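Below is one structure, written out as structure tokens, with a few remarks after it.
Chains: A, B, C and D, in written order; residue numbering restarts at 1 for each.
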Amino acid sequence: MLRTDNFKSILDRYKFIFFDAFGVLKNYNGLVPGVEQTFAYMESQGKEYYIVTNDASRSPVALAESFHRVGLHAISHDRIISSGMLAKEYIDLKVNDGIVAYLGTLNSAHYIDSSGLHTLPVSAINNSNIDLVNALVLLDDEGFNWFDDLNKAVNILRKRTIPAIVANTDHTYPLTGNNEVSIAIGGIASMIESIVGKRFIRFGKPDSQMFMFAYDLIRDRMPVSKKEILMVGDTLHTDIMGGNKFGLDTMLVLSGNTLPDDAETRIKSTGIVPTYICNTAVIE
Amino acid sequence: MLRTDNFKSILDRYKFIFFDAFGVLKNYNGLVPGVEQTFAYMESQGKEYYIVTNDASRSPVALAESFHRVGLHAISHDRIISSGMLAKEYIDLKVNDGIVAYLGTLNSAHYIDSSGLHTLPVSAINNSNIDLVNALVLLDDEGFNWFDDLNKAVNILRKRTIPAIVANTDHTYPLTGNNEVSIAIGGIASMIESIVGKRFIRFGKPDSQMFMFAYDLIRDRMPVSKKEILMVGDTLHTDIMGGNKFGLDTMLVLSGNTLPDDAETRIKSTGIVPTYICNTAVIE
Amino acid sequence: MLRTDNFKSILDRYKFIFFDAFGVLKNYNGLVPGVEQTFAYMESQGKEYYIVTNDASRSPVALAESFHRVGLHAISHDRIISSGMLAKEYIDLKVNDGIVAYLGTLNSAHYIDSSGLHTLPVSAINNSNIDLVNALVLLDDEGFNWFDDLNKAVNILRKRTIPAIVANTDHTYPLTGNNEVSIAIGGIASMIESIVGKRFIRFGKPDSQMFMFAYDLIRDRMPVSKKEILMVGDTLHTDIMGGNKFGLDTMLVLSGNTLPDDAETRIKSTGIVPTYICNTAVIE
Amino acid sequence: MLRTDNFKSILDRYKFIFFDAFGVLKNYNGLVPGVEQTFAYMESQGKEYYIVTNDASRSPVALAESFHRVGLHAISHDRIISSGMLAKEYIDLKVNDGIVAYLGTLNSAHYIDSSGLHTLPVSAINNSNIDLVNALVLLDDEGFNWFDDLNKAVNILRKRTIPAIVANTDHTYPLTGNNEVSIAIGGIASMIESIVGKRFIRFGKPDSQMFMFAYDLIRDRMPVSKKEILMVGDTLHTDIMGGNKFGLDTMLVLSGNTLPDDAETRIKSTGIVPTYICNTAVIE
């Protein structure tokens, strides 16, 4: 039987809490029941939070609204760090002109839109404009025809020596409560990367840039030490691996990807060790 | 400038010739011009041939007909060894009952059909029959909806501990003369294998089983030494790698995947060294 | 609790039995107690056996003697198929002259010696003879200085475009009863392959060539169907994977690499499914 | 013929320059001739530099001294960011007590020493102290017996569920002017990681943390935009990949790992595109 820690007593030791979103705060049924009290408690204690999420499907404003819709009104868009934000920053800094071709929904593309660049779906690339394509961005697994557009993406990368950016490193995401999953754009990206033999630029946990982004937002306002921050997540190889590597204490919760029966085996087999294990991010 | 050997003078040294099909005998335009004279010459000299091809899209009979249609009438179906034949043999030997779910066209599925088994497309698997699925076979990249059925295949393999068979190890195939490619079922298979974390069973070059199958067909009729056999192919990591490993002399032809300008660099960078290099499998 | 099958009742169904050696017939303590009775029973019933082993450390004659020394006198050298035999056949067929450089013991090198070739340890290669090196063979993890000779092997492969042959695909082998392992030459090979970026030629289970070699030895003497053969091994990804792929029924025994507590989890997580599971290859 | 840019005219566009060390500022012969004038020019123009290097063999102070010894006196230790610094920070933050076992030289270990922790070479770990080992750090490829201590490291990680930290991600480093290389600790780390099946924590380019460390040192003193920084390196998949991903403009120099004849092919085959290409980091 896995020994778990008491969430509240751990929470009390830290000033800043970084949360993963899916599997921690919400799941396919909506909000994790009781998690709104965690946010009320944090506010009452002067603790601050950031949401650090591998999600490039829409803007932080839209992501915040998705929390509000399911009843977590405490979430403010300026406390959400998404892998899409890093992809957007990359494009702003490094792609100066021409076309940014993308795989994903219209929503995901709107977010990375930038002045001076044309953002076009891969399906709209053809012989007349392929020479203007200066980047390929993989944003979301929906919004395009897989057969047509994955094949097209492969051929764009064979013809053009341009950066390919993956805005979400996850290989799958949970689909329903039935233990089913859906292939995420990160899994598709690995297939295309292996087929074209080129190195893609990936944004998302466990990469340190995600954590650095949140850390910097705190530092802009007040002094902070990494010892004061706790990362809470449900996935060992993204949330816990990334938090550990960045030097944070980490908490694995068992409300998402890692099931109570598997946690111990998975920690041992991966060597990814959280500082704490709790059932949920809910104060009981 | 790459030094190439004279095809006819090499051919004269061997009694048995194994040919890859695509890129050697035919391409997207039809027959490689002049290749029918190679077969006439071999017949006049009492040389024997086998076609050793990574193809699970249809039966050897149908594959032979596809040669006849483009004008190569010399090809007999009993001289064709396809990766589909190995997949079919595996299913015949190892899957005793229940459903064989497949990704591919109806043609590809007909070929592996076997008495006592139901062959059903992945799209026809649901909660009422998933417990009867005893194997998943990946046959062809066409004939199904990628988004729906690749996601379904992942979830079938998460629920059922069954063998997954890949009947074609190629990751891409040439699409047109425009240097474009299409993602092959072998590339899709690698993505799904990595996502579900299970080991798939792969049939196709460079695996020795392909060559052994042809070698056995000769041995059933007459004594043969591996020294008497030449493998002719256009792809280093399947045709040449596989032929070398099986102990055969190998010839790289430059009429398909490996371009004259790239051949030397690729041989050096992969360490896969053909015994000979010829422009084409055509007697000049 | 894992349900296991009765070894004798399974044995009775097959005419030919292929055995892995280490973890099935012997381990670090010597013979698996009682396994000699299995061989006596097989002889009394007219069943035939072959030992199919990933071992390139010495000749089949020397391997047979190692069984005799620990008390299994029934083993005849002509019933042993080792990955070293395949490496030797490759060199005989494909390397015509010059130097074969090797990593391994003197014993392992003696076995692959062939007329017309100089077999030299990697440590003996220098500027005066490197241009004569026509193959590099990785035979054993002992018999050389890792720091000096692994670095030298990397540089030989950077300078010479030659085949690199790995005569044992195992990444580790059990060292003592204390659950400790030793890095095998197959693990070292993967590191060097990745560093030089070239494709190595590997001999050993799960590759079909190992099984084909044994199968052919039977066919040379009598008719045989794959349905009459059982492969018995302790390792899922070599013995069971290889046997399955070759079309044989397979038995996992729990006396070696796969522990009784792990068997079910590992079968599920790898998708490699043995036909049977028995505690040992011993008739109880 | 590869078109290269003029180093000085590029330098003039940026306020901050990040340099890789080996292959850019020095090589096996000592200083890259003329590079001291680059530093004199930068000082005269009020430009600032940082050295961002995958090196965990010693402290920044010792690294600075190694520049002084070969004649580059301008280098100050507080301008050197090494992957060893990140490993040290990780240990300081995340390993609270017990033993830190290491592979590397005494020098490399001294640097990561921290109060409250015992730093012991892997060779000194035995049954009496293995339960106290709370981290394994891979620092350098020298200073230990590869056969004994790599095998021991594998068994430590099989017995203890602890973080394994790799303080240098390079797989090889150039050995002499003769185009020879030496296997680096990052290459060894990949072999051990694959053998034990656990996830290691890696510090070094192309990871963003290296760049963030230097970026933060600037920000602590003055405002800075990523647009004002140029990363100069000789290796595509570390220096250029990492600089690009962090959002910096990047310059490939041809004085080290990437040879003038290979640069174009490698950029095309990897898809890693520098903003500029210059022969050397020397003002001509």
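The criterion applied here is as follows: a contact is a pair of C-beta atoms (placed from the backbone, for glycine too) under 8 Å apart; a residue touches a chain by one contact, two chains touch by 3 or more.
This is a predicted model, so every value here is computed, not measured.
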item	value
Chain labels contacting chain A and also chain B	none
Chain C reached from chain A - shortest hop count over touching chains	2
Chain whose average C-alpha position is farthest from chain D's own	B
Geometric centre distance via CA averages, chain D-chain C, whole Å	40
Chain centre separation (chain B, chain D; CA means) in Å	44
Distance from the mean Cα position of chain C to that of chain B, given in whole angstrom	28
Numbers and ranges of chain D residues touching at least 2 other chains	none
Graph class of chain-chain contacts, one of line, ring, star, complete, other	ring
Pairwise chain contacts, counting only pairs that touch as defined	A-B, A-D, B-C, C-D
Complex contacts: residues of chain C adjacent to chain B	89-90, 93-94, 157, 161-164, 196-201, 207-209, 212, 226-227, 237, 241, 244-248, 267-273
Touching residues on chain A, where the partner in the complex is chain B	145-147, 150-151, 154-155, 158, 171-172, 175, 179-183, 187-188, 190-191, 194-195
